[in-house]
Each structure stands twice: as C-alpha cells, then as structure tokens.
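Each chain carries a letter (A, B, C and D) given by its place in the written order, and its residues are counted from 1.
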Amino acid sequence: MKYLDVRGLVVAHGQVGPGTHILGIRAPEIRKGAKPGQFCMIDLKPPGAIDPLLRRPLSIHRVGPKGLLIFMYKVVGRGTALLSQLSPGGSLRILGPLGNGFRIDQSRPGLLIGGGIGTAPLVFLSEAWPKDVEQVAIIGGRTRADIEYAARCLEDTPSRVHLATDDGSLGHKGPVTDLMSRAMEMFEGRSPVVYSCGPGPMLKAVARMAADFNLECQVSLEARMACGMGLCLGCAVPGSRGDDSADSGYLHVCREGPVFRADQVSWEDYPCP
Amino acid sequence: MSINPDLAVKTGPLNLKNPVLLASGTCGYGIELQGFVDLEKLGGIVVKGLSLEPRSGNPPPRLMETPCGLLNSIGLENVGVDRFISDKLPALSALDTAVIVNILGDSVRDYQELAGILDQVRGIDAIEVNISCPNVRAGGAAFGSDPDMASEVTAAVRKATSLPLIVKLSPNVTDITLIARAVEHAGADAISLINTLLGMSIDIKARRPVLANTFGGLSGPAIKPVALRMVWQAVRAVNIPVIGIGGIQNASDALEFLLAGAAAVQVGTATLVDPLVSVQILEGIRMYMKETGISDISGLPI
Amino acid sequence: MSINPDLAVKTGPLNLKNPVLLASGTCGYGIELQGFVDLEKLGGIVVKGLSLEPRSGNPPPRLMETPCGLLNSIGLENVGVDRFISDKLPALSALDTAVIVNILGDSVRDYQELAGILDQVRGIDAIEVNISCPNVRAGGAAFGSDPDMASEVTAAVRKATSLPLIVKLSPNVTDITLIARAVEHAGADAISLINTLLGMSIDIKARRPVLANTFGGLSGPAIKPVALRMVWQAVRAVNIPVIGIGGIQNASDALEFLLAGAAAVQVGTATLVDPLVSVQILEGIRMYMKETGISDISGLPI
Amino acid sequence: MKYLDVRGLVVAHGQVGPGTHILGIRAPEIRKGAKPGQFCMIDLKPPGAIDPLLRRPLSIHRVGPKGLLIFMYKVVGRGTALLSQLSPGGSLRILGPLGNGFRIDQSRPGLLIGGGIGTAPLVFLSEAWPKDVEQVAIIGGRTRADIEYAARCLEDTPSRVHLATDDGSLGHKGPVTDLMSRAMEMFEGRSPVVYSCGPGPMLKAVARMAADFNLECQVSLEARMACGMGLCLGCAVPGSRGDDSADSGYLHVCREGPVFRADQVSWEDYPCP
C-alpha cells in the first residue's frame, strides 16, 4: 500500500474552459509515488462539514515541482460545483495515488486518444513519456473550447497532436476514431499501443477499432466510487481479469484499474449513460 | 487526576480489546487496509459478507451518494467462504485484533453450512450473521423482517458452531425489539444493528432509477438517528450485548451509541470516506472517558 | 416548440391546480405564511394535525438538527378542531388553493368524530388522516404500524365523511405495501407518505437524550431515499393516487417522486428552512416539463 | 408579516473575543423594519449545500447605515464554527426581522441586564434608547475577555455601565444580580423596567429578583428553532401568555417572543442546560 491520506494546500485554482477548472494541490508525499493514469480521492468538504459525504475521484492531470499535483476537472454536479468555489490558500484532504496507472510499453510507439475531460490523465502520460519512444496524440471533444486547453498542454510535450471536434470548430470535424485510422499510417507499419481515456461511447469505439487493427489498447475507466481503495466493491464494471483466479464477472475500477486492457472489458454491458 | 481508561469489552463470550470495530462490507477482507490503517489498534474487523459460493453481485451502477448518505447495491459480491479461508484469512488472523466473519445465505441451510465450515477454522473469533438477505424459499422477504425466520436462522447457526454468535439485524421492520428478542431466545450471544435502510434514487435526466438494482441500502450519517433509536430500544429489550452501527463518523457519534448502552460499535461508511477514522474514534472515546472521569467502558451507558 | 405544461392534478376525487402541497406540521395553519408566500400559487395546504381537544404537545427541547435532517418531537400540539374552524379556517379557506385538514386521535372514535365535525364545515377540500399516532387502547402502537388498525381507522373516517379522504402512512413498518393496500380497501381515496422516521439523539455532554421526549420524528433530505423507495412501492401496490412526501428540497427531488409515480408531492421541512421554496419547486417542475416536452403532469411517471 | 428572506452581502466579519465574532451583513430591506430584541434566521450553507440543514437564530446586535445589520455570535457548535470561516465578500441568506422585540417603556428608566453573548441585543436596545429616558446597564460574564467588547459598545451609548465577572477579572466579582440590587439605588425610588438577555440560570435569577423588587421585567429567551416564523411549534418554552385565549402551557419563542414578560415564563420548568 503506497497511498496516503493527507491535507494538501490548494496553491492554484482557475478556469481553463467552459465549466473546466484546474486545481493545483501541494501534496509531496502523494506526488512522490504518482504514475500517469493514477487518481486521487478528494474530499471537497470544509473541515467539520459532512455533506457531500463521499470523496470525488480525479485523475492526476500533471505533476510539478515542490510536490505539486494538478487536476483538471469539469463541473458536472454538486460536488464539483462546490469544489470550484474553493480559493487558493484553502486546503483539501486528498488520498492517493490510487489505482494501477498506464503500463508504458517502451518497445512500441504510443497512440494516446483522449475525449473531453478524459484528456486529463493523458497529459501526465505524455509528459512522463520515455524520450526515445514515438508518441502521437488524438484529442477530441464537442467543440473548440472543450479541448483547447488540453491540446495546448500536449503541444508542449514531444507528442504529435491531432484534434477533432464534433462541430468542426477545431481540427477535424468528426469523432476521434476518424483520425485513428489516419494516424496508423504515421507509424509506418509498426503497431502502436493505444492509451485511451474519455467518455464510455468513445472508449467503446476506440476499443473496437483497436481490435480491428489488432492493437494492444489500454483504457482508463470511470465508475462511481465510494472508497477508491478496494473496500466497498462499488466501482464494478462488467469484465474479466482474464487470469484463472475466481472471476466475479466484474472489474473493480479503483483497485484493479482504472486502466484495463480493452479486451478485459465486456463492452456490450458497459454502462454508457 | 490522570486515569488511563480501560477500554476492554466483553461482548458475551467474545473479548475485544476495545469497542471499535470495522463494519462488514466497508473494510473489504481487512487486508486491503493493512499497512495503511494500524488495524491492531482496533477492537476487531468484520469482513465482507461471505456466502458458500462466490457471488458476482449486482450490475453497476451500484453506488449513489445521497444527502449525508450513501446508497449501495453491491449485491453481496464476495469471493466465497473457501477462497476467504485460503486467500484472505491467513494474513488477517495473523493480526492482533478480533476477526469476525459476516455470513449470508439464501436459505437457513446455507447459513448453517457456512457456520459449520467456519467452526472448523482457526483464527476466527466470532461469526456475525447478516439476516437482511432475502429468504429465497419464503418469497424473498428478508430473514430479518420476521421474528420466526430470524429465530430459525439463529438457531440453525447456533447448532452448527460454538463460536461466539452475533446476529446482525435489519432496520426495515416495524418493531426491532421483537426481532431482537427472537434471536436472543434462539441462542445469539450478541446482536448488532443496524444494517442499511432500504432506499432508492431516481435519475430525472435518464428517467430511470439510478441503481441498476432499483433499490439499495442507505448508510452513513443520514441514518444515525434511526440507528441510535433502534439500538436504544434493543438494549432495553434484551439481556445480551448490543453492538451499535449506523452513521458513526466520529467519536461523538460513537459515544452516543455507547451511552445508549451499546457494548461496542462498528464504523461503516465513514471508513470509506476516511480510512483512518476508526483509530481517531477510538482516541476520541479514550479522551472523553478521561475528561469525564469514567475509568471503565462499562461505565458509559446512561 | 413552446409548450405550456398542464400541471392540474386529479388526486382521486380531489382536484388540485398543481401537484405541490405544503406538508402538515411545517406550515402552521397556513395563515402564518400569508403575505409572505403566495399561497394561491400552490396546489394546496395541509394544516397542522388537529385533535378533538387542544393539545399542549411535548416539553422542550422539541427539536434537534441531525446530518441533513431534523428530529422533532412537537407532540402534536394544536389548537383543537373547534378553534381551528373558528379562528384559522376563515382566512385560509378564502384563499384559492386546496385546504386539506390533517387529523389525529388516540382512538378510532376520535378520528371518526373529527371527520364527522369537519364534514359539516365549508371550505375544507379534503381530510388527511395521520395514522402515525399511538393507539392508546392498543398499548400505544401506532395505528399505522398494523394493517388491521390502519384499516379500521380508515373505514371509520370513511363512514363519517364524504370529503376526499387521504390516509397518511407511517414509514416505520416492515412492509409499506400491506398498509397501503389495507387503507385502499378500507375506502381511502388517496394515500400520502411518508411521515417521519422514528429516531433519537443523545447529548454526550449532558449524558441524556437531547429531546425531552427521548424519541422524535426524523425528516428532511436525509430520509429522501427511504421515502422515495416507499412511494415507488406504494404506487405499484395500489390503484389510488399516491402523494409523495419526504426530504423534498428542490424541484429535482420533487420530480424524483413524480417520476416514481406520485400524483402530487408535499414539501415539509424544506419550508421551515426556506419558506419560499415550494413556489420555486413548482416553477422547477414546470421548467422540466417544458425542457423534456412533457405537456401533461400525468406524463411524468416512468 | 413584515419579514423578508434575502441574500445579504457579508461586509464585515471579525473576532472580538475568545470564540466571539461580529458579522456585518448588508440587508437594507430587513434593516429597515428592525427593532431591538428582534432576531434573524441565518442560513450558513454555501449555495448548493444542504447541511447544516437549519438556519441559525441570531439577535440583531446593532444596525448601521446603508442597510447594515450587525450580529455578535459565539462559536458553540458546528453551525457557528462553519459560519466563522466565511470571508467578507461572501453572502448569506437571511430571514428577518423576526419576533416581537423589547417594548420600551418611555415613562420609566431602563435597567438592561446582559450575560455573556446575551448582551448582543442589549447593545441595539441601548443605541435605540429614547434620549430623555434614563438607562443603566449591567453586563456579566465568566471572565474579562467574555464581556470586554460588549462593554465597550455600551460605553459608547448614554448608558451607565456596570460590570461583573465570575472570576473578578473585570468589575465586580460575582453574578449580575449582586449589582442589580445596588443599581436600584441609582433610580432614587423610581421603579425601572428590567430588560434582560443571557443564559437561562441568569435570567431565572434576574426574574426572581425583579419580582422581589416588584419590577416589570422583560426577558429575551432562547430555544432551538427550525423555522423562526411560527410554522413548526418547535421553539416552545413552558409558560403562559396570560390572556384568556386557549393556552397550551407553552410559549413559542420565535413568534410570541423572543421577548416575554418574566411572569409569563414558568421558571420552575424552564430548561437550563
């Protein structure tokens, strides 16, 4: 168990897109062990408050010097709305780093595919990417404002970045999968490993196309969580670890994931709300 | 005056070094917390409910946050009693804390068989019988919703084991004292309560229940007043020790249950939010006893 | 597409201009809110529970805040049916909104007599029977905790009045559908639920229960998941309209109940915190219907 | 009904004693009708939060220009602890002015008796006091720090102020009732009206002594409240309005009070926690 529960100082907090914020927390103990694809459980309540009860899972978006952890989140409900009101100088309890993270295959080029807020962990992945391994990133979203900030982050990395929006306001007009087949050509016959994070329907499409191209594909999944550390079994998604161990028919996102091989997930039953 | 309060508890035939336990379903098989929480400080650990065979549990979504509460429909996913004994128990029983095994079944026979298996195993300090499960034979009403069924399960388990026997009651009943008395008479050494309240939530955008299972169990601070009332009633209805559960978030909450007459408490949902909280609760109880000059835990009930 | 949703509700024989009512005990006799809340916008007002004789209620403290909830032990203090009719009703019935009178008693006879008195009075649109009260003859168990007692009260009131008859159920029961069916068969035109969950709280400094009455009723957002589950079950158990109550704080909460199949909702504790909230809830329901293109309130249930 | 529910801007918030804070809120609509002895119900939750559920009753401590309402409060529990974390610039929902307030008898001198945080409304009373009516104030508390600030406020009014502390660290060492009998002499035979607010046991003692001296005595009471406006009947204290109307044996602090004639209260049953 290498995770810790600490109170971290909020050192930066600002809006970077419509309803999208970045949050910088100083938590050196957690920063130290953090790997791309891992997440933290953040307690949004002021000290003494009891509601909203649960912590919220957020992927580590970037790391910085002096123990800095940066998260990128979208306001979607009550918890994230309350979080967005917090000023720098405040503090939050933060539990992490949690989960397995992406397994970078150094022997193969990487194809990073992010959708919307799902791009958050891919920035960390791209920044931590081994220097001598090729990397291409495809970022998609509904519209320009949704992906502009994340795209800028990635452009500061060695990644070659391709963009797609549903409305065509930035980059290709259409889904990320359109760009996926085109990107394949750039690898000149070598099979890249796909690393993907985004909304359920996108992951499903990416997984299918990766299977068609016979590519290894790692997907970072989301599920409602209570504990984030394997205690409650609440974060189940349909799938199978694929080892011979007793198999419940469910994967537990917090402990066995959040990153899974796409072929471990039962996509036909995957809840895509 | 500097007293060093004695926190040791005798819960029927079960001795606990202190009254703070981790509740079933909210601490995995205990070992998930090893190295993170100093489990040996605690009075004991109640592991996730076990069935004869492994269970998959319910389809997702299984969780929903509610005001000061949590709805869950895990559906009793567990590795089954055999894998628990082979894979989980060795590390757990090596710890210097009580190991309490929570069991569940579809029939009286299931419970009895489980108790029989566990009775043969070293390293288990007590059995907690979860009677909130549906009795498949009796049309799916929970064993715990009826004094006769509750009594039948208890008696069957009692026959199968000489381990200390805790029966965990469901709060979804008209009169908790009837159930409490029934299981006392059927041979329970202690009772624990409450399990979750049956609840639900609807997603008004998707226009369907949030949980795939429609209903779920409500836990957390929201239910504390109901839990405390039932514990108060149960304590006054039976002569066996009562373990208080429900919405305990901090030492003050735990003390409410101990003052109501509970011999011990279990911390559930709070551990999910704050994995270290149980140890802090224990410290808070110790502090309160020092401040109020109560030297023995048995002096707490009002 | 600009629709103007029709919010009018037929709750059995009772017509409401919209589905948002104020719950008994949380809006006084209605007139306390006059001039502050535009009561004529609402579907109706359920006044504080009335008894044959005035009642003093319980000694203080009568209130305790709990996590996302409120415990109360008002003890059914009220001015009695006669003073209600002479002092409160005239102003109230002058308003263009439904006036629903909540009644309570110690015996079936009390209820019957009350209904008989109210039956003769102009300006009352319906009677809501609170069966969460203890039946003094039957050793103090609540009428609402037993299908037979619930049925007996309902039948007696049914005989005494031709006013629309709503029976308000207690949630402190094992199976709400049994009670719901019993009062349906005994002649209720509609049921409303839930009343408060029985709870308690202990003051660990004073080392005694917080409420002078030891127990109190838990209301507010904390109980919403339980309330919604019971409403969902009741809707599927009976063929009369169901009015949903419990923890409704905003339009989204109210919509959960309406989607579960409730014909109308009552707003209780939320009014105490935010006296204007019922009108906002109504607006929120209207907005939701516009946005989802549902033109008639009867199109809400899922 | 002359009360209103508004969102008020917090324009000042600061500590003035151990655990004691003053809170300035701009709420001109409420300020306009406010009388000494009235109170407001303050919602401490940030927008979107649901816990702590209930509003908290606070007496109006002072009023100022531009619609300013000032409250003085002590941190005693979860709600007031959360409140104390709020920075100026924030806002709070505030319902008021509620209750009846003190009835100033212009024909008689006033004897204001405050204990601890109970002094809060007496400052407003003293500041609003008719110019040509004599006024003496007695303020008591556990120790110097408890009453220093309130005493300073009163010293800026025409009131003659006498102080008492349990530990003798400021003024007389002993309870306020010690000073009450002495103060009587200052009125040279004329019977003052007593206006009092403070902890239960103090009010009880003051009421008894006022009865002994045959003085009219008005007391401002506290009770746990949910609504503050007569809807829930939660705020009962034992007593009788004394008119011939149906009498429940209880007074309702929010609607019939918070200020009562001392002889309306059943002191033997009054809960003094």
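The definition used in the following text is that a residue touches a chain if its C-beta (ideal position, glycine included) is under 8 Å from a C-beta of that chain, and two chains touch if they have at least 3 such contacts.
It should be emphasised that the depicted structure is a prediction, and the values quoted were computed from it without experimental measurement.
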| request: Determine the set of chains touching chain B that also touch chain D. | output: A, C
| Separation of chain C from chain D, taking each centre as the mean of its C-alpha atoms, in whole Å | 35
| said: I'd like the Å distance between the centres of chain A and chain C, where a centre is the mean of that chain's Cα atoms. | reply: 47
| Approximate Å spacing (C-alpha centroids) for the pair chain A, chain D | 54
| task | Would you give the residues of chain B that are in contact with at least 2 other chains, written as numbers and ranges? | result | 67-69, 220-221, 249
| query | Taking each residue of chain A in turn, which ones touch at least two of the other chains? | reply | 50-51
| Which of line, ring, star, complete or other matches the graph of chains that touch? | complete
| request: Please give the residue numbers of chain C that touch chain A in the complex, ascending. | output: 67-68
| field | chain B to chain C touching residues, read off their complex | value | 66-69, 71, 141, 145-146, 172-175, 197-202, 204, 207-208, 214-216, 218, 220-226, 228-229, 232, 247, 249, 252, 255-256, 259-260, 288, 302
| request: Going by the contact rule at the top, pick out the chain A residues touching chain C in the complex. | output: 50-51
| task | Spell out the part of chain B that touches chain A in their complex, as residue ranges. | result | 25-28, 32-36, 48, 54-57, 59-65, 67-70, 72, 74, 77, 79-80, 83, 206, 212, 220-221, 249, 269, 271-276
| field | Touch list for chain D against partner chain C, complex | value | 1, 3, 5, 43, 50-55, 79, 93, 95, 223-227, 229-238, 246, 248-250, 255, 269, 271, 273
